[in-house]
Structure formats: C-alpha cells, structure tokens
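Starting off with a structure, shown below.
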Amino acid sequence: MNGPAAVVQLAGIVLAPLLPGAIQTLKARLQGRRGASVLQPYRTLWRLWHKSAVDPQGAGVIYRGAPPLVAACLLAGLAIVPVAGRAGSFGLGNDALVLVGVLALARFVLAAASWETGNGFALMASARELMISVFGEALLVFAVLIAALPAHSTDLLAMSHAAAGGHIWSGPTHWCGVIAFALVILVETGRQPIDNPDTHLELTMIHEGPLLEYAGRDLALLQWAGAARHWVILVLGAGLYLPHWGGFAATLGLRLAGVGVLCGALALIETEQAKMRILRVPALLGVGCAIALAGAAMWIGGVGI
Amino acid sequence: MERAAGSLDLDHLGGLLRRMPWTGGAFLVGCMAIAGLPPLNGFASEWLVLQSLLHVALHQPLGIALAGAAALAGLAATAALALLCFVKVVGLVLLGQPRRAECAAAVDPPPGMLVGMTLLALMCIALGLVPGLVLPTLAGLAPGASGATLARHAGMVVPGTGSYLPLPLALALAALTAALLGVRGRRRSAPAPSWACGQPVVAALSWSSAGFTKPLRLVLEAVFRPRREIEVVRGGGMVQSVTYTGHVPSLLDASVYEPTVRAGLRAASAARRLQSGNVRTYAGYLLGLVIGLLVLVYTGVLG
Amino acid sequence: MNGVLVTAMLALALAVIVVRRRTVAIVLLAAQSLALGILAVSLAGGAVVAIVLLSKAIVLPALLYLLIRRTREARPVAAPAGPMVRLAAAGAVALCAVVLTPPLGLGAAHTEHIAVALVLVGITIVIARRPILFQLLGLIVAENGLSLLAVSVPGGLSYVIDLGALFDLALIVTVAAAFAQRIHSDLGTGDTELLRGLRD
Amino acid sequence: MTSLVPVLAAVAPTLPLLGMLLALLVRTPRQADALVVATAFPTAAAGLLLAAIALAHGDEPALRGQWYLIDGASGVLLAVIAIVGLCSALLSPTYLRTSGRSWTTAARSRSLYYAALFLFWAALLAVPIVGNLAVVWLVVEATTAASALLVAFSGRRDALEAGWKYLLLTTLGLSVAFLGIIVLAIGQANAGRHGLHALDWYALQAAAHSMPADPTLIAFVLLLSGLATKVGWAPVHNWLPDAHSEAPAPISALLSAALLPSVLLIAWRIKEILQPSVGAGTTHAVFIAFGLMSMVVAVPFLWRSLPWKRLLAYSSLEHMGIIGLGIGFGTPLAIAGVVLHVAGHALAKALGFYSTLPLLRIQPKAATRAPTAVLSDSPATATAMGVSLVALSGLPPSPLFLSELLIVLGGLTAGEVVVSAVAVIALALGFLGLLHALMEGVIGDESRRRRRRRSREEGPIIALTAILGTGMLACGFAGLLLLPGSGFVETLARGTL
C-alpha cells in the first residue's frame, strides 16, 4: 500500500511550486488585480534554469554547494512528511523532530553562504531569520508536542492517525494547537505579517535576503526549495490540525482540499495584514507559545478529553 | 588557528577555510555538531533529550509535566540560539574575506597538530551516523536502568516514540546533493562584485560579530540588560568624536556572587570584634559561659 | 561559728572589689585567708591543712606587699566603673551562684553556695578591676573559694592535693608577680587597659 | 614487655625534670645546648617506647599501675608529645641564636628558657600517664605556669601582654575545673571512698553508676567549661591566637600540637567516666556545641590575611573544634577520625610553626604582617609552609582529609545530619582562608620574583619537612588501613578504661 503514498510524496516535488503560485494569484484577485497565472512559478523556474549563474568575488565551496544542499534537505523533508496518513517507505523514518533538524540544517547552510559572500543585506536577513527562528522553533516544537499528546509519540504517522476523526476536536487542546501551528506556518513560509515574500527592498527582506547573491540554476534550486518548504509545512499542517477521516482516498482528497483552504487563508491574511515590525515578532511567537503551553496544560490536567 | 592567524579575536579573522582546509574543515564539523545539525552527533543527543522531555510531559503529574513541556521548548530555542552563534563563528572565522594580513597568509599547521582535530571530527561524524550502536550501553548505565535494554542497530529506534535513522538520512542528503550537482551541470558563471547597492565592496563594509547578533540582543534586551556609554566630544561647535562602548554584564556575577562575597566579608569583619584585645572582656566570656551552663543545668535543658 | 566565718569570707571578697588602694586590698585578702585557715582548723584540724592555709594567709600577702613596693604607682589606676556599680555586679554574680548551685552533697548548703560564689566573684574581680595586682587578687580569691570547698569535704582531700595546690598557687603567683613587675617596668603603670596591642 | 611500663612511666616525666635542674646549673651557652641534646633524645626514646607499648595494647583494657593509667589514646598522645618535644628541643638552640633580645640577660635567659622548656615537656609527658584526676589537674596547672614564662620569653610588650592573658585566663579556667573536681571528691567521700585514690580514673569509673545525678552534672559542666578554656574552644579561646603568635616557634609548636590535645584527652576521659550518670545525650550535646562553635568562630578570623603564626593559631582553634566534634559524635568511625586527627594535626601544625624560624629571617615583617611570596625568597621554607598548609587545609594526601572524612561519616552514622552539614560548611569556609594564605603568602604572583638568598640555615627546615611530611603520610596510610573497625578504636569508643 505504500506505493500510492510514495507516488503522492514524490508528486510533491512537481506540485510544490503550485502553492506559492496559487497564493500569489489568490492575493492578486483579492486585491483587485488580475495577477500572474497559477503556473507563473514554473515559468520563472524554467527561465532561471536557462540563465547563467554568478560568481561573487570571494565565493567558495559553501556558496556553490549551498543551493543543491538546501534543495536536498527539502527533498528529504518531503520524504519524511506523510501525505494522507500514509508514507512511502523511503527509510528516512517519519519523525517530526528530524524534520525540525533538517529545516535547521537548510537554514544553517543558507546563513553560511551569506557569510561567504559577505553581502551586507544577506547577512542582515539571515541574522533576522535566525533570531526569529529561536522563537519559531520553540513554537514549532510546542505544536509538535500538542499533536504528540494524543499519539504518545513524535512519529508523524501516529500523530496524523490520532488527529483523525472528530473526537480530538472536543477538547480545547487541539484548538490551541491550531492557533500555534497557524503562527508556525506564517514563520516557516515567511508570509506577510512576519516577512514580506514579494518585497524588493533589501533592507526589509528576511527570507529572500540570502537569495540575493544567487542567479541562474542556483536561484532556481533555491526558489524551488522555498516552494517545497511551503508544501512541507502546509501538508504537515493539514495532516495534523485539519479534520480528516475515512480511508486513504478520502483522506487524500480532504488533505489536498485542506491545503487549498490554507493557501486561501494565507492569501487572505497577506491582503489584510501589513508587515509587522521585526522586533515585535518574538512577542507574537511568545503569545503562541503561551497558548500552546496552556493547551498542553489542559490536556495533561485532563480537561475535556 | 592561533598559530596561523596570530589572534583568536573573532573580528580579526576570516577566510581561513580556503587557506587552512584541514583545520577549517574540522572546525566546521565541530561547529555544526555543537549547533545540533542532523547528520552529526549533536543532533542525535539533542533528539534523545527532546524525546525524554516529551515523555516527561506525557507521563508525569501536572507540575512536572508542564516543566517538561517548557523545558522541551526551551531546549529547541537553545538549539536555535546555538545555531545562530555557531553560524556567526563559522562565518567570521572560516568564510568571507580575511580581515588581517596574517589571516591571508595562514596555512595549515604541520600534520602533527592536524591528527587530533581530524580524529575528533571523524568521531563526531561517526557517532552522528551510527548512534544506535552506542545507545543501548549508555542507556544501561543509567541508575536503576530497568534492564529492558534497547535493541542494538544503526539508527536510534526508541520503542513507543519516534525513530531517527541518521545513516539513511545522511546518504539520502549526499546522494540528492550529488544528483542535483549533476543535474545543474557545468556552471556557466561570470564574476561579479557582491551586491552593495552598487558601491564597490570595501573592507569597511565587512560585518562584525556585534552586527550579526544585534537583532537578538535588541529583542532580548530585558534579559541581557546591556550597558552602553556613548561619549560625544564636541569642539568648536562641531562633534569631534563619538565613542561607543557597550557590554553585556554577566547577570549571575553581578546579582548573586558579588553581593554574597561582600556580605560574607562584612559579616567576618563584624565577627572579628569578638577578639577585642581586652583581657577583662575575655574573662567576661568565661564568666558568661559558666553562668550560662549553670542556667542550662538549673532550667533542666541540659541533662 | 563556721557560718559566720564563711559569710565573712564573701564579705571580704566583695570588699576587695570595692576598695581603691592596693595595700588595703592585700590586707583584706590576708584577712580572708586567715578566716579560711581558722575555719579549716576548726573543721578537720589536720596539721598539713593548717600549715597550707596559714602560709597562704601570711606568705602570699607578704609576697604581694613586696611586689607593690617595687611597682610604685604615681596615681591609682582609674577604675572603669564606680565602686557601687562594681559592688552591685559582684553582688549579682554572687546571687546567681547561690541560686544556680543545687545541693552538691555537703551537709551545709551555705558553704557550697559561698564557695561557688567566691569563685565567680573572683572572676568578676578580674573583669571589674583594671590594675594587674587586682586581677591577681581576683585569681587568689577564686583559689580561696576552691580551698573553702576542699576543706569542707568530709574527710578532707588527701595532703598530696593540698600541698600540690599550694605549690601550684605559689608557682602561679610568683610567675604573675614577675609578669606584673616586668609589665610595670615596661609600661610604667600596672593598668591592663594599655595592654591591648594584640587584637584582630 | 608490660613489665617495662611502670619503669618507663616513671622515667619519661622525670628525665626532663633532671634536665631542668641541670639547665639551671649549667654556665656557658655551648654546655646548655649540649645538655639539651643529651636529655632530649633519651626522653623522647622513653616516651616513644611507652607509646609503642600502649598502642600495641590498644585493644585490651588500659595498663594500670598504682599511680599511672595508660590506654590507646594516651599512647597516641605520648608519641605526639615525644616527637614534637624532641623537634622543639633540638630547634631551640637555633631559635635562641637568632632570637635577639629576650626577657633577661643573654646567659641567664638561655638557661631559664631550657629550664622552663624541660618543666613544660615533663608536665606534658605526665598528663597522659598520670592515673589520677586531681594530680592531672596539678600537672596541667604546672604546664600553665611554665608555658606562660616561655610565651613571654622574647620580653617585647606584645609578648608580655600575651603571656599575662594566657596565664590569667587559663588559671581562672582551671580554678573552675578544680571546683568540679572537688564536687566529684564530695560525691566520692559521701560514698565512703576517701583520700587521693578516690579520684583515680579507674575508681571514678567504677563508681560512675552510683554517683548522684545533680552534683555530677554540675561537676561535668564546671570541668568542661574549665578545660574548654585550656583547650581553647570558643567562646573562651581568646588567649590562643595571642599566645601562639608571641611565643617562640618551638614553644608554639608544643602548645598547639601537644598541650591542647592532651587537655582534650582529659576532657574525653571525663566524658567517658561521667557519661553513665550524666546521660550520653548531655555529654554529646556539650562536646558537639563546643566543637561546632569553635569551627564556626574560626572562619571569620581565617578570612583575614593574618601573620603566619596567628593563622596557624586560628587553624588550631578550628582543628580542636573538629576533634571536639568527633568526640561528641562518639561512634567508632568518629573516634578513628579523632585519633588520626590528633596525630596528623600535631605533625602538620608543628611543621608549620617550625617553618616560622627561617621565614622570620627572610621576611622579618612577617611577624606582624602576612607573609608574601615566600617561594621567590626561599623555596625550602615555602615548601615547608606549603606542605603544612596543604595538610592543615585537609587536601587529600594529608591524613587530616581522611580524619575529617571519618569524623563526618561518624557524625552521619550517629544521626547528627544537620550538625555534620554545618561542620562541613564551616570546614569549607575555613579552607578558603587557608587557601588564600597558601596562594598569597606562600606562592605569591610571578611578577615579584626577587633574587634567591641561599642561607645556610635551610638545612634543618628541609630535614624537618622531609621527616614530618613522611610522618604525616605514614599516619594517613596507617589510619586508612588499620583504624576503621579495629579493636583499638572499639575499646576507645566503648570508653572503658
């Protein structure tokens, strides 16, 4: 039975750029613009694939090796996250904490690359990103904890099975988990209130900063990695914190619908919300952690299971 | 590095990876291991600690469980902090342009000095890849180990919780990176200065450690409580010079150790008045002792 | 008869703490030792005990008088507190001794109380008086208290102890006299207040 | 072998008395020095032989004679007094040659010094031997008189002050103690036992059960507070630092290493005898109170940078507190610790005081101010001071570490957990003071390296460091291997004489 699940996970490689495309198009429509089509990310990837790369002065092994390594990390992430409650047997296991580690590795490599080029904007952006990640990872681990409470394990398969059905929604804990994971989605995908993905002003960049120095195929790989990050986080969110039940096919349908709903929600938030001051972000994530801790406390205290 | 670059001040190094590949490589592996990045041993041990904290949160009574949950989040935040710190160290020391002439001329030390570092780096990688072999023996050492030894195999599979298989993960990452490198093919690339809004890149623009950690220090100002003195010298109606000195005082010393030591010494000097030098006072102590003991006997406290 | 003598000894001790001039104090001490000697003779009548106590009544005061002649004092040393305060203190200490000592096995509780009181008053004399000689007198008063109790032990202590105690007292007093004389020649006065060099 | 005991018990104290008389007769300083050596060695030999016999008979009941009583503890003390006495006697000529002015004229002072030293040593040797409580008191009173003269030997104003305070306070304390002895004598007289032998240790122990409760408790309290003054326990310890810092170095060694523990032995025997009638709870409480108070009172003084001898004096206060605490616990482990502590402390303290002679020659101002960087002046002296400080602060190679460990373990087995905890904290705080002295005084910082003056006087101190150092290590290993659980300790813990 792992065949179809593996196919869907691998399909993620192809479908990943669809998500940012869908969010951009929805946002454009909400803002009364026609906007680019949903397939625009594919076109940019194709265009970048055929342009030549750039060698910034003093760039070394880390600079040239970063894009493939980041893309590899995200591919591993794809392999780890089960899609519809089932995972292909890629042998990497399905542990949530390993996923956190893999994303941290990608962040490390990108920050090191920005040090290699010595580009001020890239360094400023990675400094901000790492600062936010201090609080973001704490929140992510809290969200994982809440999802692990019913499953008694950090294995994503067990967690998504425990999250199946309606019973889980009766207690307040899961709702706290939803709020926490919503914030996690905003941090990890680098969406509006925390980071503006389509900004061109280098001083305000957080997620795109380290990408400044790249061009051609390197930039294509990094852009794909950004899209894959969307896919990993949204699929994970849908799997853990959106209601689903029934067999594999039903769950798969519900999962894809869930991802669509999340894209819509992200687009809505992006249109409504202006960008937050960077130094305020930790306070917001702190509130998320407090909500998650309260949720965990209620579960452990046995409230409303 | 001190031998080659002459100084260990982070802001006076740079670009050592290309010039000192062996030392730089070992240093990089070390930093990644400490920062707790997946294929290395740092992440393996961190993963185990996170799992144990999770179990504390799951199975202990409310108070301890909440503490476990808070500790879990705390550890994750610390891991991210470590990541920030060691990216900064790697960036300042190994990558970028050399900040001083000695760094530019740095070369790897003779093999004798390299063996130690490389051996340790290899052990970090080895332990990172197959922690499962060591885990059962270590678990057995724990006091009151219930003897239910874990099964011994390459990855770490803790029954009843997650599993972390570092070897396949590392192989997958390596294979995928190689594949993508192959797919990317020969890089047609043109040299270009790194982007600084069109300005020529000069040494003054290179970042220092203070800059990289500024966002964090701003955010955690309440905890660090940094002390900064800004001195502006004005002369002839013009600002002649502005000197900025700031440092982060270590909290524990300032708020715990120094007051205790001062209080201890003050109490000691007060107690020393006991030896006042006057023989009549000393005889008074003897009288007080005898009468005190007699009172204790009289009141029945003693015996 | 004995009760009167014992009370007289305590009165003489209190007088020593009050009196200002050193010679008068030595005379009072001699009187106290004499009273003790008479009491000893009337109680047990042992030859050794008599010799010991009579020598204490005669030889020691003579030695002290000799000491005073060699350590001329320009003006008597100022006392830290007035005579009445000193007397009150000594009285209080004596009262404490009387109240606190339970029956020690001697028939006469009166002698026990006075003996313990004498020892404690001896220490109080050392505390209350500054001149070296008076501190030495305090020492001897305490010694007399001990001898009082020793004498009234039924059957008496063995002569070895009595002679030994006398020999030790003589040794201590001579060494103390040497100290007093040396300190007087070094300081020019017998006031121990000046002896405060060693402190922390 | 035991037939020798009566002879040795008589010979050991009388030999120094003989030496005293000869010292008064002898004319020239050279003859006096020869006399010292002539009497010192045989006395030490007699003492050590007696100690050896006593230690061999440690686990059987004490060797008892008509007027002497020697058990395991007095064996240890005899050994200590013999060794420290011998070293002090042999070092006295060096002290006299370098001491400069003294109480009286040069010729007279040397014979006076030797006479007082021998009287002091004779009385010290008599204390563990004599089997009668009253006679022991007389002997201790004699030691006070002799040592007061020796403390003030240098004739300076401070020495006179120290000597006067020592004489006055300890004599007052001993009078209080004698009051306690007479109360015991009354109790014995009422029970029909008269004369001198009613106050023998053995007789008192035999009558222990029949003693009336109230008078015995008063006697115990008076005896303990009196002897506390002589042992130098807080709060009546004030004469200790003055007397030790002003006395000549050999005399301070004898005072600290031999006199204080012997008076402690008397207190220990009184505790063993009166315990049945007074109650174990009271006796333990009193000893623990005195011990703990001494350890705690010593801490603030050790924290100041003190002159060398004053620092050693306050360390003696702390160590007497530890021994008192050990006796207060009373369990076999603690008693083993006490025995080892007496031996180890004596050697370490003696070495510390003997290193004062070369120290004062190198840094004359060290008499009134803390020594600084002695290592740069004379490594030999610095080693001696360093070995004694390391030993006194209880760092592992020294036997004191083992004994303190045993005492604290004994305390825990006796159930006194809180007391042991406070004691350990007091030890740690005291250790800070000694460590400061070690770093500042002995080692000092590199920058002030002065040129080394090699003086021919360093021979004796090197020999002494070697001998006493190996002695300490031997004590440590003997303690480790033999003491815990041995018969020797069992009999001491049981307390039957």
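For clarity, chains are labelled A, B, C and D in written order, and residue numbers in each chain start from 1.
To be clear about the criterion, a residue touches a chain if its C-beta (ideal position, glycine included) is under 8 Å from a C-beta of that chain, and two chains touch if they have at least 3 such contacts.
As the structure is a prediction and not an experimental result, all values here were calculated from the model.
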item: Identity of the chain that, by mean CA position, is farthest from subunit B; value: C
item: More contacts between chains, B-D or A-B; value: A-B
item: Approximate Å spacing (C-alpha centroids) for the pair subunit A, subunit C; value: 97
item: Between subunit A and subunit B, centroid-to-centroid distance (C-alpha), Å; value: 28
item: Intercentroid distance (Cα basis), subunit D paired with subunit B, Å; value: 52
item: Subunit B-subunit C separation of Cα centroids, rounded to whole Å; value: 74
item: Overlap residues in subunit C, where contacts from two or more other chains coincide; value: 101-102, 123, 126, 135, 192, 195-198, 200
item: Where subunit D touches two or more other chains at once, by residue number; value: 164-165, 168, 172, 176, 218, 241, 301, 304
item: Residues within subunit B bordering two or more other chains; value: 272, 275, 279, 283, 286, 290, 294, 297
item: Chain-level touch network, classified as line, ring, star, complete or other; value: other
item: Interchain pairs in contact, sorted by label; value: A-B, B-C, B-D, C-D
item: Residues of subunit B defined as touching subunit C within the complex; value: 272, 275-280, 283-284, 286-287, 290-291, 294-295, 297-298
item: Interfacial residue positions of subunit D with respect to subunit C in the complex; value: 103, 134-135, 138, 141-142, 144-145, 148-149, 152, 155, 157-158, 160-165, 167-168, 171-172, 175-176, 178-179, 182-183, 185-187, 189-190, 194-196, 212, 214-215, 218, 241-242, 245-246, 301, 304, 306, 310
item: Residue ranges of subunit C touching subunit B (in the complex, touch as defined); value: 80, 93, 96-97, 99-102, 120, 123-124, 126-128, 130, 135, 192-193, 195-200
item: Partner subunit A, residues of subunit B touching it in the complex; value: 15, 17-18, 32, 35-39, 43, 46-47, 50-51, 54, 57-58, 62, 65-66, 69-70, 72-77, 79-81, 83-84, 87, 90-92, 95-97, 155, 160-165, 168-169, 172-173, 176-177, 180-181, 184-185, 187-197, 201, 205-207, 211-216, 218-219
item: In the complex with subunit D, residue positions of subunit C that touch it; value: 101-106, 115-116, 119, 122-123, 126, 132, 135, 138-139, 142-143, 145-146, 149-150, 153-158, 160-161, 164-165, 167-168, 171-172, 175-176, 178-179, 182-183, 186-187, 192, 195-198, 200
